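First up is the structure itself, then whatever we jot down about it.
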Amino acid sequence: MTSRTIVFTITAATVCLLLLGILLPSGQVAAQSKELNIWTWGVYGPDFATKSFEQKYGIKVNCTFYHGNEELWSKMQAGHQDVDIIQPSNHLIQRFARAGLLAPIDVSKMPNYAGLMESFKNATYNVVDGKLYSVPYTFGIMGVGYRSDLVKETPNSWGVLWDKKYEKKLAFSRNPIDACFAVGKYLGMDISKLDEDTDAKLALIKEKMREQNPLLLKRVESLQEMRNLLAAGDIWLTSADDGMIHKMMLQDQPMKFFVPKEGAAAWIDQFCIVADGPNKEAAYRWIDHMLSPEIASQMIQKMGYMVVNAKVVSALPPEMAKLMTYTDEETKRLVPYPTLKSETQEKMTKAYHDVRGQ
Amino acid sequence: MTHQEKEGRTETMEEGTKKLPLWRERLSEQAIPLLVVFPASLMLILFFLAPMFVALHFSLLSNVPFFDITPYYTLENYVRVLIEPIYRNAFIRTGIYAIIATVISLLVSYPVAYYLSRKTKRGGLFLLILLIPFWTSIILRVFSWKIILGSSGILNYYLKWIGLIDTPITFLYTSTGVIFGLVYTYTPYMILPLYATLGKVPNELIEASLDQGANRLQTLVRITFPLTRSGTISAVILVLLASFGDVLSAQLLGGANNLVISTVIFETFMAGSNWTVGSALSVIVFSALLVLAAIFARMGKEAEYA
Amino acid sequence: MRDSRWFRWLTTGWGDRAFRIYFVAYLLYVLFPLAVLVLYAFHSTEYQTWPMKGLTLQWFRELLDDSKLLLALKNSILIGLATMFFSTLIGGGLAYGLVRYTFRGKAFLETLNILCIITYGVVSAVSVLLWFRMLGIHGGIWPTIVGHTTFIMPFAVMVIRDRLLNFDREIEEAAMDLGASRLRTFWDVTLPLIMPSVMAAGLFCFTISLGEFLLGFFLIGNKVTLPVYIYSLMRFTFTPAINAAAVLIIFFPTLALIVIAIFFRREVESLY
């Protein structure tokens, strides 16, 4: 056959495929009530949760991962009409809610909400105009984790992450606001007051971060990569969530975690329902599912992050409970991630980029 | 159809023999090219040119105008780019990596292209074989170099086994890694145009030169090089500019201190509201690329007329 | 002894032979990472160290459980086919217009075309994102197709233009003298002659679209294309499931190419 015939056959086949392939999905619009789209942190979409949910409700779960609240904000900026659930941290709920991105949450639709620890139920960071916009999920501290077998001392200060001894064996948070809070704490600032004198304070923070630049190995793409690099010994010390380090310790990895003496900040990750998300019903069911004691306890066991469910926390196996309990002294050094003004948060993001570029 | 049948049909074919009114002929002369070229021009202008102006617009804003903070016009993004050393350094570093990668690429590709175009009958086929890996994602192939070059990877293992080294050499997360990735990614882009341009050198010239007593090397330098100069320059431009805009090598194989400007731009769009700075950087990079391309185009033209 | 064949083989032709050896070395260099990728898809542990610890098929199982890969593949192929179709059509038109005619704005178009190729990168991708966002166009399959077509079309133009420049216009003129209209000439004369390069352009465009990362990343929105999915795997999964994906991705195109080589040998040979 002539080459012309071939080409026209291919073209005809292509056009048919296109019409079928691209038009058919519009038939899936009806099927959307059978799907739930979640944007979440890389470690929050585990199989045990999605599979059991799919079995229970017959709704398919699609997880898209991101690493960092700023990446989530960027994704929302790029277009958010297809997602049902997102998981920002507590200090951003005000901003997300005021920007009209979130739907108010009716806790009566989630029976498992009652099982939350009291202190988590009556928060102010997620209430705007009397309406609740998020439900807490996990919480933790951003402190310092390190390989106890490779680091021959017992550090207790943020300063160890600036120690030239460990050049090219260090990593640091790549989320702008987290990083600024950590450095701010190192410099002894009251991070809840960053709305005042922002520029001057940020200049100091930037200077400190610049000192750290030549000591870092590489920018870490995700928590999984951080785990891998630590396990391989490519990095020895890093700023890290306590949950991640505790998990590695429970897996018999030679890791240690500490709350620096200058102080550290504690975050609470939330569930939020996107205002124009297509499937709010399924969203409620998912949150309820994740808050249930069964899933929450698996979450703690498999991921190592503390959950807000009261029953689960009190039923922790002893070795976990020991790891995850902090002394009074340590607890005194902690502050929750403060909700700052949007302008301040923007400035922090920009400051971080001006120093790190990536 | 036989000639006779064709002739018999001539009467029914208007345009070829019958004289069309002048306006109609001129119209078809003018209309057809515009028609044929229209969709492409529309696409290029609408989705290539226009976005550049949009980037310019965003680069002059203080914030992205999508959610909560109302933006105002300002030059602060450009000021930041000029003042903060990280952007300047990333820019220079990217240029250095691109130049080194291009030079190495040229040295590696020229013999391959030479072989494919002159030294073998099945050059086209071999070229196709070379392009097979293109079907697999470039991400994967660069990623696999992580396995090969890692501290506990294949290369280090055999270097130790041979006894050349005691502790593993760090290839990854260094500038070596980045340049390696760039060379690997872009040599095919160098080989293709070199192959095409080398193929145009007439065999007779080579043979004549050899007959005249020049050895192979002299023929190469005196005949082949000058004849392929403009083609080579185009290939070099292509690879240079492409390496400049490459994101993957630095992301996968580079460390914290091998920051390239493309990663910076990529990151500003990935993390938060820095889209304005990213746009400013994009405008600057695009302008730089334009200038470079213009310079090289001029050089290429001169080479052609030489 | 000195005249024996093996002696002659040993001492002459080193110039050509060196080239051949060099080319084989280069080919190995290009293909080696693929081999490594495939090998580690069967590695029994997560950590990609050498020597290998054992073999397993678990990553393939993990991958096949993950329906997102198949979805990504389907999307990439759809986008690739659409891009191939539109790029070749539109690009071919541009090539024809640029070669056969002169008109106002021709130089402008040519410059635009070349610029499109050489400045392709993050800059182009994010600019298109900004433009679409400003217009209120959210990510998805069709925006990605549009983006891909815009930036891949110039390649089609390059390939087809090269061919158009290199053949005798006399044939076309002869056809028109014989009474064929412009359209007829194109259909019966020009098109068959440039057909190999049209097919090559199509294949080229399809391939580029499959592997294209940047535009897909910014324009695809909530869905995934194959390179975008692989990138997300690399960030968040870190298991050899990535390698298993690579094996599948390598296997099928190679199979396709072998099929093409066997069944369409004549057309392939006409390409060179």
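The first chain written gets the first letter, and so on, giving A, B and C; residue counts start at 1 in each chain.
Everything that follows uses one rule, which is that contacts are C-beta pairs under 8 Å (C-beta built on N, C-alpha and C of every residue); 3 or more make two chains touch, one makes a residue touch a chain.
The structure presented is a predicted model; accordingly, all values stated were derived computationally and were not measured.
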Relative to chain C, chain with the most remote C-alpha centre
A
Which of A-B and B-C has more C-beta pairs touching across its chains
B-C
Length of the line joining the C-alpha centres of chain A and chain B, rounded to whole Å
37
As a quick test, compute the distance in whole Å between the mean CA positions of chain B and chain C.
14
Touching two or more other chains - residue numbers and ranges from chain C
47, 129, 133, 218, 234
Could you list which residues of chain A touch at least two other chains?
77, 232
Could you check chain B for residues that touch two or more other chains and list them?
66, 152, 269, 275
Spell out the part of chain A that touches chain C in their complex, as residue ranges.
2-4, 6-7, 10-11, 14-15, 17-18, 21-22, 25, 37, 42, 62, 64-65, 67, 77-79, 81-83, 221-222, 224-225, 228, 231-232
Which of the residues in chain A come into contact with chain B in the complex?
68, 70-71, 73-74, 76-77, 95, 98-101, 168, 174-176, 213-214, 216-219, 232, 234, 342-343, 346, 349-350, 353-358
Using the touch definition from the top, list the residues of chain C that touch chain A in their complex.
47, 68, 74, 78, 81-82, 84-85, 129, 133, 138-139, 141-142, 191-192, 195-196, 198-199, 202, 218, 221-222, 232, 234-238, 264, 267, 270
Note which residues of chain B are touching chain A in the complex, please.
63-64, 66-69, 80, 84, 86-87, 90, 151-152, 173, 254-257, 259, 263-264, 267-275, 277
Which residues of chain B touch chain C in their complex?
6, 9-10, 13-17, 28-30, 32-34, 36-41, 43-45, 47-52, 54-55, 58, 66, 108, 111-112, 114-116, 119-120, 123-148, 150, 152-154, 157, 184, 187-188, 196, 216, 237-238, 241-242, 244-248, 252, 262, 265-266, 269, 275, 278-279, 282, 285-286, 289-290, 293
